[in-house]
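Each of the next two complexes has subunit A plus one other chain: subunit B in the first, subunit C in the second.
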Partner chain A sequence: MISVKKVDNRPLNFLERIYLPEIVRGLLVTSRHFFVNLFNPKGMPTVQYPEQKLPLPHAAKERTRHRLKLRADGTPKCVACFMCQTACPAYCIRIEAAEYPDNPVEKSPAVFDIDLSRCVMCGMCVEACPEDAIAMDTLEIPGGALSRAQLKLTKEDLLMTLPGDPSDKGAANRLANEHMKSRGEA
Partner chain B sequence: MPKITIDGKTLEVAKGTTVLTAAQQLGVHIPRYCYHPKLSISGNCRMCLVEVEKAPKLMTACSTEAADGMVVHTATDKVKAARRDVLEFLLINHPLDCPICDQAGECGLQDYYMDYSRAKSRFAQADKVRREKRRVMGPHLVLDNERCILCTRCVRFCSEVTKTSELEVMERADHSFIDAKEGRALDNDYSLNIADICPVGAWTSRDFRFKQRVWFLKKTPGVCLGCATGCLTEIHHNEGVIYRIMPRPNADTNTWLCDPGRMAYKAAQAGDRLKKGVIKNGLIDLEPALREAASRIDEHHEAAAVLGSPWLSVEDNAALARFAKDGLKTKNYSFDFDPEQGIKDGILINKDPAPNAAGARKVKAAAGGLSFKELSAKVASGEIKVLVAEARAAGLLKEELKAGGARLIVFAMNRSEIPAGAYATLPYASYFETPGTFINFQGLERRTEPTAAAAEGVKPLWAVIGKLSAYSGGSLRLESAQDALKGI
Partner chain C sequence: MMELLEANKDMLLFTGAAVLKIGVFLNAIMGFAGLLTLAERKVSALMQDRIGPNRASVFGFAFNGLFHPAADGIKMILKEDFVPGRADKLLFTLAPFFALVPVLALFAVIPFGDYVMVFGYQLDLVIAEIPLSLFLVLALSGIAIYGVFLGGWASRSNFALLGALRGAAQMVSYEVVLGLTLVGLLMIFGTASLQDLVRAQGRLLFGWLPAWGVVVQPFAFILFFVAAIAENKRTPFDLVEGESEIIGYFMEYSSMRFAAFMFSEFVEIILVSMLSATLFFGGWQVPYLYESGFILPGGAQFPLNHYLIAALQTGAFAAKTVAFSWLLLVIRWSLPRFRFDQLMGLCWKRLLPLALLNILLTGAVLLFLGKI
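What follows is the complex of A and B.
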């Protein structure tokens, strides 16, 4: 439903044009909030983020800061296929690929940067990933940094396993699983 | 001349034309893997099946000759089902490598799967036939036998185009795989074409490997400057970095591209690219280097000489000619290059390694000057005190320079190009960074287009010459490459 609000653009009358009564009216609103909140701080809707956090509703948990998942042998699940970089509407992912000398997975990311100051938290990278290697489930809400540089995540910042994460057991990648099995790591 | 009807459109074709090429003339695309216009017909992939009226079975369009009165349908349900089934066969054992495969994005299997199949696999991943992956084959290629669909394009390329026959299909039936013959290395001069013609990701380039996804690449038409053949190329680049050079097939010169030609972009992006001037062995900023070079030239205005270069574009040679004639007002200049030209190996590589001898001759026709012999004699005798030349062209006068002891002022792109004993070196922009006209051995005029920006301060050669002329008195007023061409 679209609601329409009609704005009455009549010319200001004399009392409004001298401003003083309107300023007093505005100050009264401000002071009412000030005193109400002063004597009843529990009623304030403001949350002191980041010291204080509200529990996230279910869907929002999947839209928190990114991480890159790890396999059981500690290698990133990411194979640097560039799907997320391609899908990202904000152009905030930058990948450079490298080659494993021995691991038959062949390809891995040498560089994996996410610029959170550009990220729009849309989750397209998670959707696009064919290896289930990127997730947005760290429950950290990015923001509140003092410089843009602090909002830049590198591969080292991103690679992490969360407690109870089943992702390092088996992967979408058959070659990786076989490689781990052959070395007794699966 | 047989008349053939394809999807309701009738066409008269030359005798011997296949149904596939006839359809192509009508603008009907028939999917294909093993067919390649420049290779013999093999007819093994079955992707091109079409329905021919009165024929009991579907026919392969690539190997069926058009006959008079033939009526062909390429989009019936039967044909569509056949394409789906052929794709299912090809994909049964194909690995799920797309995330790590460089071919992804320009892969025949991906494209036709999206166009003609979109069926779910009915086979388990665990049952796929395993083959050797990631095998380095020769200096330029990696072979992944699991991805191969056995179309034999690569085998036919090696036996028909390069005639080196390194590759062969080993074993039979579902044991078949591609391999080099025993004791043979895949090191012919055209091996990277195999990565281009392989319709899947079985052959990939070692140089391009994992550098960039193909859908990020932008394509600019170019000209190969590796030899006098002057093949047409397509330069694939992204964000100012060149990643690979591909052939731009044309009837005049080339379908393929040689491996050295494909690697030519590397020098333009090498670490030793000159961004500043060099005096003797020390780097200095461009402006003082220009001033120093100009004052050395000024010491011997009469005894200064200018040598053109078959490695430079027509515009830059013309600028050199104007520098000699209008700037230095010397008679000692030569644009006379007449090396032996012609295809050396029967495929593409030319006997003349310089791309633009004909272009230099064009400048000579307009500006005159000494013959190359006369100039080299003057240099050898010591009559010439300062020689201004492009680095590789100066290399042609190595002995003479040593004998005559003239000061050498060269234009060079890379540090490694600078000839020993050069007094001053001035950098200039490569033809990946600035446009230039080149004339190949057949007399065809071809222009390069810039794909990347030159490093800060590095200018096209005609602009460097313009500045040099301004410092040594008598400015040429070169504002653009077109100014240099005045009178040529």
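What follows is the complex of A and C.
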């Protein structure tokens, strides 16, 4: 269905055509805003951003700075499968894989760099990760920097555990976690 | 030596007083113009529910943005002073002066108070008391067009030249209206000296209404104010420069040369405010305040000290100036811009006939009242 809105384009009457009363009406609107805000600056919606932050609405929390989750034993959950690097539309992730000396099954990232100056905060890496190892829930919003180097996140910057993180306990990967959760063991 | 001083005492006192008045008045205007650059941003911010600039700080004290004019000035001085290779160097350098100097010179004839008695001498509170100062105002504001046109012409840039053409056409057109709207005042008050105009506005009509210009010529005030905003090249008539979209006559200018053009616009805001206050809102007049003190219409008298009266009158003039400057800022941030043909149409097809009609009606009323 196409909805049609009928506009009543009646010709302007004399008072509207000389504009002055309409200009005065417009000035009253703007000067009302001026005086209300002058005497009640707290009523303005603007916040002093870097010092003062508004709580992020629900979905926006999942599009903040990246982090790499840790297992209970302190090793990164990431297995260096390159899924996120492949999925990334901005080519901002760089991974170099390494092997554990005692673990013949999994790899681990030796290098995990994210170039925030190229990142478009799309969250594709989070979607692509089969291990639930990368997340964008730190609530930090990447801001300005004085050099490009400051915008490059290395593995050390990324590895962190947030309080209340379910990855603190449990098995190595997501499927195992869900399996244990369904049995009521985690 | 002493004899020489004694012989030329009046001359020396006159010179000293003039230098003092110029120093105080001009510095007040420059300071106010600097503050206006901040006020423009703060007022627009508050009108749009924003906070406005508040980050420039000295030793961590920001005073809600008070240092921004200083920061802007320092930034302007430190920027590269670039002159295009094909520009006419002399005219390119002269243009900012032509924009700024006539506007500043105009303040010489604006009365900011009646007079004060200092050591038995009468000190007029106007820098230069000229019998035909109203015409000097019109003449000098005509010279300001040279700043606009030379700026566009000397940069040898086609865009700047187009901006200059628009600017010159607009300013020349509105100059005519600006002059014609004031004829009614000249007919009523019979003087072209701004100081005498203000003194004449201290009279009362019907025993209680101050004979301010806006009371006797309300229609002329609206026309004058519209033409003055257009002459000042501010929104809604700012298509000379059109900061946001179109390119203006000072396109090739940078650094302090650009700042001179920008600053002259803010000084012109003060000038237009002061002229509106002087011509139509009684200048330094406070209603019912005379040389001896307040005399209310009922006959009640409140004698006041001479210096207190002078301070009150100068304060009233300052308050009127600030109020008009605020109004100009609010108008600039409320109204959209005209199209160029609408701008010219408004001037030649609407304002000019209305100004002529105003002269005719004023003359008819004066004739009817038997004042001519």
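Annotations for the structure displayed:
Criterion: the second predicted complex is superposed on the first by the 124 of 186 C-alpha atoms of A that agree within 3 Å, B and C clash if a C-alpha of one lies under 4 Å from a C-alpha of the other, contacts with A are read in each partner's own complex, and residues count from 1 in each chain.
Note that in this section a residue touches a chain if its C-beta (ideal position, glycine included) is under 8 Å from a C-beta of that chain, and two chains touch if they have at least 3 such contacts.
As the structure is a computational prediction, the values presented were derived from the model and not from experiment.
Within the superposed three-chain model, A:P104 lies in touch with subunit B and out of touch with subunit C [touch as defined at top]. Once the two complexes are overlaid on the shared chain, A:M44 sits against subunit C while remaining clear of subunit B. When the shared chain is aligned, subunit C comes close enough to touch A:S31, but subunit B does not. With both structures placed on the common chain, the touch criterion links A:M136 to neither subunit B nor subunit C. By the touch criterion defined above, A:T86 lies against subunit B but remains apart from subunit C after alignment on the C-alpha atoms of chain A. By the touch criterion defined above, A:L20 lies against subunit C but remains apart from subunit B after alignment on the C-alpha atoms of chain A. Shared interface residues of subunit A, touching subunit B in one complex and subunit C in the other, do not exist. Residue ranges of subunit B in contact with subunit A, taken from their complex: 96, 98-100, 104, 125-126, 133-134, 209-211, 213, 215-216. Of all residues in subunit A, those touching subunit B in their complex are 79-83, 86, 97-99, 104-107, 130-131, 174. Those residues of subunit C that touch subunit A in the complex are listed here as 43, 46-51, 222, 330-331, 333-335. Contacts from subunit A toward subunit C in the complex involve residues 20, 23, 26-27, 29-31, 33-34, 37-38, 41, 44-46, 48.
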